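Shared chain: subunit A. Partners: subunit B in the first complex, subunit C in the second.
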Partner chain A sequence: MIWEVFRQEKTGGYHTHCGNVHAPDREMAQQYAAIQHGRRKPTNSIWVVPRDEIGEINDDEVAFGGTTDRSYRWATAYNTTGEDASEVVESEDEQADAEKRRGEA
Partner chain B sequence: MAATFENPADLEEREQMALSTLLKRLGDDEFVLAERYTEWQVRAPSLESDLALANNAQDELGHARLWYDVLEDLGFKERSLVFEREPSDFRHSTLVELPFEEGNWADPILRSYLYDVAEELRLEALEDSTHPKIADRVRKIQSEERYHLEHAQSWMERLADGDEGHERLQDVLDRLFPHALTLFEPVDSDVEADIVDLGLRDATLEELREEWLSVIVPYLESLDLEIPEIDQTDDDKLEVAVDQEMLPDERGRDGGHTDAWFDLYDEFTRTYRELGRSETTKIMEKPNEQ
Partner chain C sequence: MNVGAVKERAGPREFSPADDLPQEYREAATRMIEFHANSEIMGAYLERPFIRQAPSIDRKLAFSAKVQDEIGHGQLLYRAAESLGVKTREEMLDDLANGDGKFLNCFHYPLKSWVEVPMISFFVDGAAMRRQATLRRTSWEPYAHAMDKVCFEEGFHVKHGEDILKELMTGSQKEQQMTQEAFEEWWPRIIQFFGPTDDDSTHHDFASSVGLKQKSNDDLRNAFLDQYIPKAEKYGLEIPDEPRIRERDDGTYKVEEGDLDWDEFFTIAKNEYEPGVGQINGRKHAQEAVQWVRDTIETDTTAASGHAPQAAD
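Moving on, here comes the complex of A and B:
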């Protein structure tokens, strides 16, 4: 049985998928994951999840983000004065970054 | 007397002997068990179990290093403790030196269980050692040892659940139990008494053995395993008379070892000898400098 393993580096951080382990049950999966995925990198917490319990939808089944042009949703589509509040500037940077990465995907 | 171990150079001969004997018991057990564990590398039942046992072996080597390092305060050198030491000077129990039965995973699992319970108890008895370095290092070691015991017990319970696994565990128990008893044998009874009198460890070997039996016997019985040669006279109270006849011919602690130990010794010292070494390679700082 395969258990997917998610590692959290620091309290409050996300548990990020880092691999899997073969184990007959949860207890053994936890023990193995501690060694296999928590030994060499800073680790605060580990989740083990039976692979069969994970629901997946992929690009073939769903058009993620829709198919029509919705660039109006992006702050970067608008001209700004350059003197906006720092929150707006930050948000704009985040969106520009997200857009860029969306293009790469 | 309590503070004398702060300055190892000032120790009297009797104190030095007690300290070095205790440390050899501790360090040699860990070192030799780790040597044996590594034989399972790439041979364990799955990648995961392989890594888990290799991890435990690494832990044990790290613990041996902590104990050998305290021995170095008494003037010993790493090479004289490991690569250039007379094999008959090693004080480990015969439990850790026996070769594994080929392909029998129940062997390292049960061996680890029998050993790690004893290890847990003797570390507890060292928590308030009059030697400050020993007391300090015990804590470092205990958290790693907890994993070893959990790992062994997880496997024991799963192996005991099936007919074949149960039968294998019983066979291994019959073979290993007498050797596990040597964990509590004296190197020399006067020196062992000194170890306790000087407060280096606060339990005698007999007390540790009683405690060990009171843990392992009910646990093994809960898995329907029979402890060889143990007569329980009273259901409520564990009365186990361990007599000398139950012990194997070689006791390990007194320097008497099985032939398998001398083969293992030849193996791990081979490279050192073949390369004509006279010093060990230093790749890490001493533990107390970390």
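Moving on, here comes the complex of A and C:
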């Protein structure tokens, strides 16, 4: 049985996928994952999930974000001038970054 | 963990569902996140009619995307609240429908015309964002993670709201005047968004001592005024004489709180303010009207998988 492994580096972070292990049951999967994925890289917590329980949908099946121009959904589309509050600037920067990476994908 | 240990360990994103936390922490966090979730939903219902009333196709598109985002924020937050194990999402939604669920003061007032829209989508969203940015460092990890996504999206709301305000304040004389009137009506409510001064806030002390709340009402309100008074003035809005706002020597602002209507605020806080009651019931009816959709989804899922679905996320 294959178990997908998600590692969280430190408290409060996100669990991100880092690989998978063979194991007959959950307890063994946790132990293997701890050894394979939690030994060298900084690790605070690990999740193991049976592969069969994971649903996937990918960009062959669906156009993520739609196929029409939706620039109106981005902060970067609005040129209100002047000083923005720092949290608005931060959000806009995050959006600009996501937009750029979508363009590259 | 007992409350003492929680206070000692409290830090940004410190506690997750894997931790054994005292009931007092779980209840305080549930109350706070449920209030936040309810506010997203009630705000979305308040704004929804303006998708239709928006003056151009661009505005309709952007405004419908914004309202959709807000419903999404509600969903994220109910999940974060539910993960505390105190209340289920169903219970929270039922409480919102039957008038027990509490939500933001601003969403108890009627929104009557397009000139009022930027009062919500610029000023209230701006105030909310100011607060939400600090909550990315709350101690309940699922709440902080929800705030990451919410803050990512909110920049669009605030900038779009500001764009509407700018358009109105550079429009006809009549539009400018109506916008100024709307601003005068909404301004005290917007300031009350942050609640009463810290001395009068009942839940502040515990919530901040366990790291749930990162900034006090006073700090948030002042930070908001510092940023948004100059913004309002830049677009030609005149700040009303009341509540009196004093500028300190360092250029920051302070509100004379006695000038605000706290009786109305606390009537609202008990869900007893008439327009707000209408909005609660309006949402309840909308919820009931589409019960058949939820029933259909549930029945289909049950039939297809042969067992009852888990919470319909």
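Brief remarks follow.
Note that the second predicted complex is superposed on the first by the 104 of 105 C-alpha atoms of A that agree within 3 Å, B and C clash if a C-alpha of one lies under 4 Å from a C-alpha of the other, contacts with A are read in each partner's own complex, and residues count from 1 in each chain.
One rule holds for everything that comes next: contacts are C-beta pairs under 8 Å (C-beta built on N, C-alpha and C of every residue); 3 or more make two chains touch, one makes a residue touch a chain.
Worth saying up front: this structure is predicted, and the values here are computed from it rather than measured.
On the shared subunit subunit A, the superposed partners subunit B and subunit C are arranged side by side without overlap.
When the two structures are aligned on the shared chain, A:R51 is found in touch with neither subunit B nor subunit C.
In the superposed model, A:K100 lies in contact with neither subunit B nor subunit C.
After overlaying the two complexes on the shared chain, residue contacts for A:A34 are found with subunit B alone; subunit C is out of touch. Note on the composite model: angle subunit B-subunit A-subunit C, taken at the C-alpha centres, equals 120°, rounded to the nearest 10. In the superposed pair of complexes, A:Y14 makes contact with subunit C only, with no contact to subunit B.
With both structures placed on the common chain, the touch criterion links A:R26 to neither subunit B nor subunit C. Comparing subunit B with subunit C, the partner in contact with more residues of subunit A is C.
Once the two complexes are laid over each other on the shared chain, residue contacts for A:Y72 go to subunit C alone; subunit B is not touched. Annotation: superposed on chain A, subunit B and subunit C show a minimal Cα-Cα gap of 21 Å. Interface residues of subunit A facing subunit B in the complex, by the touch rule stated above, are 21-24, 27-28, 31-32, 34-36, 39.
Residues 46-49, 51-52, 55, 147, 150-151, 154, 158 of subunit B touch subunit A in their complex. Residues of subunit A that touch subunit C in their complex: 11-14, 45, 70, 72-75, 77-78, 80, 82-92, 94-95, 98. Interface residues of subunit C, counted against subunit A in their complex, comprise 12-14, 16, 18, 58, 61-62, 65, 126, 129-130, 132-133, 141, 144-145, 151-156, 158-160, 162-163, 166, 227-228, 230-231, 234.
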